[in-house]
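Here chain A shows up in two complexes: once beside chain B, once beside chain C.
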Partner chain A sequence: MIVIFVGVTIVFIVPRLTPMDPVQSIISRVTALVDTDPRAVEKLVETLTDLYGLRGSLLEQYLRFWKHLLSGDLGPSLTMFPASVVDIIKISLPWTIGLMTISTIIAWLLGIILGTLAGYFSNKRWSQILGTVVMCIYPIPYYIIALILVLLFAYLLPIFPLMGGASIGLKPSFSWSFITSLLKHGFLPAISLVIGTIGWIFMSQRALISRLVASDFIVFAETASLPRKKILSYLIRNSMLPQITDLALSLGGIFSGAIITEQVFSYPGIGVVLYSAILQGDFNLMMGISIFSIIGIATAALVLDLIYPLLDPRIRYK
Partner chain B sequence: MRSNPLSIVKVEELKAYYVSESYGINSVVKAVDDVSFEIYEDEILGIAGESGCGKTTLLKTLLGTIKPPLSIFGGRIFYRIEDEYRDILSFREGELRDIRWKIVSYIPQGSMSVLNPVRKIKDTFLDFMEAHRPDISKSEFDSLVKNYLGALGLPTEVLDSYPHQLSGGMRQRVTIALSTIFKPKIVLADEPTTALDVVVQRGILQLLRKIQREEKNTLVVVSHDMGVHARISDRVGIMYAGKIIEIGNTEEIYTNPLHPYTRYLISSLPKIGDKAYRTGVPGSPPSLSNLPAGCRFQDRCPEIKDICREEEPSLVEVNDNHKVACFLVSKGEENYES
Partner chain C sequence: MSAFKELLKTDRRFLIGFFIIVTVIILAFMSFFSPYKPDERHVLPKDQSPSLQHPLGTSSLGQDIFWLLTFAIKNSLIIGLLAVFFSRIGAIAIGLLSGYIGGNTDKVLTTLADSFIVLPRLPILILLSFAFRSNLNFLTMAFLLAFLDWAWPSKRYRSQILSLKEMEFTTTAIFSGRRTLGVILKEHIPFLIPYIMADFISGFLWAIGMEITLSVLGLSNLDTPTIGTMIYWANYYQAMLKGTWWWIGPPVIALIITVIGFYLLSVSIGNFLDPRTRIQRIGGWRTE
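Our next item is the complex of A and B:
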């Protein structure tokens, strides 16, 4: 709770410290386009100041900000006026959550399984080959991977669509055509995210496992001829504490979106929205998205606190 | 002691070395070097010797858990399996897995952390049961484990605990239970009492002895502590720098030690009513990767002779079941004062 409070306060203060004045920037944009009567401009300034919650002292603004926030009102977007921030987020967030949750979970599961096998069978040939392959892919910057995928599978070999979250004109529904279109559009971005994140998970898991393999209780279980399956389950179970932490924090962090992924694949998610909000100085929208991501991370941390004792009996809360 | 005990294990000229390569230079640590001895049915054999002399390595080879950097450079280890002596060093991995816990089991060194920290004791027992006695039903399992733990002086609540909730002594008892519940013919215990306080130590030793006496199986106890062997071993083998340098019945070893190293070990034991300051063995053992020619004890020996620097003494029988590897003895010098 305290985390959320502090985070939101920071989100409130930071835009007010920047030298940019959102009202003036709108005014200058408007007056640059059309000649306007100075009285009308003054009127406009008044309304805008009101609208953006910039009236009164800082304390008054702050209290009003909380009041609106608690009633679920994040104000209007400054650039996509009159759409409200909440509406914009409501439209784009499901795309991001869907894409990121699925690819994060796939990357995590795959990374854990492969990392465990590679760590346990570390002197087998295939394990070393796998390690080398991952080592080669790992240092490639993510946007290069994404671009290569787009070039190969959407441009040169047009197997997958170049842009969008689903074919235009299709209404979100549980119809067969919508779901296949969704999967087709999501495939490349998801694969790029999996490739981009699996390297780290694989390598950290392999390192964890090769340390565990030498630990007394695994050596004992091996000596006692417990079956391989059992030993692998001992290993995975004992590596879960750090890995679940990693997973929960990445899931909590998806609210700020995958900016690069969504740009490269023109995916209609929150990352694209955030990117343009930053470019155009849309403070309300930036604040709105930041608040969501703060809540996301804080929730993840809370969930972790609750499940730690289940993962490791040595952790107990009084 | 029977005059002609039946051996259950015969170790012949066993060589087990650690080979490691760093920066192109091979280093060979001769942790077990040309060792021969027998382990009898229904006995407690103690293995003594200071840290790093190869005791744990010897047990690992007896268990057939030989993994790089450790490898076998010669010798044989015969187990009597269904009245036939079979060399386990020629076994395939699957056969080795089969003899462990059925014929030979192990209580590891530092067994404080040998239990899976995130599993209840009950579940660990279940895992062992599934691996070795899949024929046992769930209800049979419950009563078997409960009775066995009870017999080993453990309360039933232990089963629902995690390892970290148990004291060191209880954990050690649980480990002993895991290693003995299937009634293997041989139990190898590596330093079973080190890291426990004296009172708990005594309890563990009594427990091991009790299990052995009831099962009439074989217990091999490794300990650097000669006091432990005095208390429970029927026979003691003394290891020094990868070799067994003396072996014999406990009473014989303690009253008539022949090797100068054994004498040092025995004289460093505190005796009741004796307040004199006890010294350890002066000097330190040779490096196992760079052994001197001749006897390995030469640099610490108080009575060294020329031959000791040239030839390595071999283990010879001096007395009924008492063998020693020392030129002071084998070259007809048994009459020197002790």
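Our next item is the complex of A and C:
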């Protein structure tokens, strides 16, 4: 709880310490179009400051912010003014959650399976080749992976569409055409996310397994010539704890969205919204999304603490 | 030094990584002999494909890509090094403080670190670099990156210290009359150094990746050539659509090679220092 509190406070203070001023940026946008009376501008500034909840000292703003937050009100978006932050998040969050949950889980499962096999058969040739390939992909920054995928599959071989979450004009529904279009648009971003995250999972799993392989109960199981499948399932079960932790934390982290993914592939998710909010100084929207993300991660950590005893019966809380 | 020779001889990964890093550093140093200045534009004919005169062709901005790349590599390396330097100094200091002093100091520092861990890092980085865009140079950029990358490492240093404190030799040292500072410097730091080295490289890779991310979004100082800004300008002039692959290709490839090189080094150093593989190498104890 304290962590959430401090985290939210940091997110509250940091943008307000920057020299950005959302009111001024709106004013300059308005006055650029029409010539206005300076006194009217002054009035406008006052009204906007009031509406945006930016009036008063930092402390006053801060107290007011908590009062609203606790009643579930994140305030209006400063740039898309009458729309509330909650509404904007509601529109774009499903895209992000859909994309990121699926690709995170795919990457996780694939990483676990491949990592287990590569750790168990560590002397086989294919396992060493796989290890080398992963080792070369793992340190590459995510953006570069996404860029290469776009280069290959959208420019050179235009198999996949370059942008968007689904074809324009299609209404979200359960029709065949919508779902295929959704899959087609989501494919490249999802693949890039899978490649970007699988390296770490694969390597940590392989390291865990190669440690386990040397442990007594596996040596015993081998001598007792238990079927391979059984041994592998023992291995997986025993390496699960840290991996579940990773999975939960990354699922908790998806609320801040995949800014880069959504930017590169022009995916209509929360990351793009957050990015434009940052560039336009939309404090409330930024805060809203960050709070979601902080709460997401903190909740994931809490849930983990609660389910650990289920996963590993050796852990008991007194 | 003997460890270095042994690594070169026994570990192919180290050999490859070392070779790559030396090449990259030579490339970076070549920037001092560049016939063009890094900020010179429109001095050469545009969009020329690679030739003897311009080994990697020229860009739509009339720059020689090979020499620009040398500057870019140098600057990216500098930013990465500075960032990792600041963040690890902070991380080590905080980790040591909360590990050794304990009590309330430890509680406060751990809570602070935990709060930084739950922060969405990338959005905050984007926000800060957007806000300070006008005076973003190497130092401020490195500070920004360090500001967001000290929390995890400091927690790891703390846990290392906590386990070192419980070791028997610590008690022995204390009973034989070593002062606290002596114990820390003479007994514990040598244990931490290998760990710090591997950690440095991973932080370095993170910093380089973030620099690229920010530059590609157009949020860093775009006039300084770094690998990220090179990619930014290539994208800006739509190098892919125009088919000027020699513009977008080299920075991407240079980056990939650099990160793989550093990563191989860190894996091999980490492996070398892992006590278990050490024992295996000496041949005293085998797992099979």
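Throughout what follows, the second predicted complex is superposed on the first by the 300 of 318 C-alpha atoms of A that agree within 3 Å, B and C clash if a C-alpha of one lies under 4 Å from a C-alpha of the other, contacts with A are read in each partner's own complex, and residues count from 1 in each chain.
As a working rule, a contact is a pair of C-beta atoms (placed from the backbone, for glycine too) under 8 Å apart; a residue touches a chain by one contact, two chains touch by 3 or more.
It should be emphasised that the depicted structure is a prediction, and the values quoted were computed from it without experimental measurement.
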item	value
Which of chain B and chain C A:312 touches, first, second, both or neither	first
Which partner, chain B or chain C, touches more chain A residues	C
Which superposed partner A:223 touches (first chain B, second chain C, both, neither)	first
Partner chain in contact with A:234 - chain B first, chain C second, else both or neither	first
Touching partner for A:59 - first (chain B), second (chain C), both, neither	neither
Chain B versus chain C as contact partner of A:279, first or second or both or neither	second
First, second, both or neither for A:155, with chain B first and chain C second	second
First, second, both or neither for A:2, with chain B first and chain C second	second
Which superposed partner A:142 touches (first chain B, second chain C, both, neither)	second
Touching residues on chain C, where the partner in the complex is chain A	111-112, 114-120, 122-124, 126-128, 130-132, 205, 208-209, 212-213, 216-217, 231, 240-241, 248, 252, 255-256, 259-260, 262-264, 267, 287-288
Interface residues, chain B side, partner chain A - complex	63, 65, 68, 97-98, 100-101, 105-106, 108, 110-119, 127-128, 130-132, 162, 164, 178-179
Chain A residues touching chain B - in the complex, by the definition given at the top	123, 215-217, 219-227, 230, 234, 237-238, 311-314
In the complex, chain A residues that touch chain C	2-4, 6-7, 10-11, 14-15, 18-20, 135-136, 138-144, 147-148, 151, 155, 213-214, 253, 256, 259-260, 263, 274-275, 278-279, 286, 289-290, 293-294, 297-298
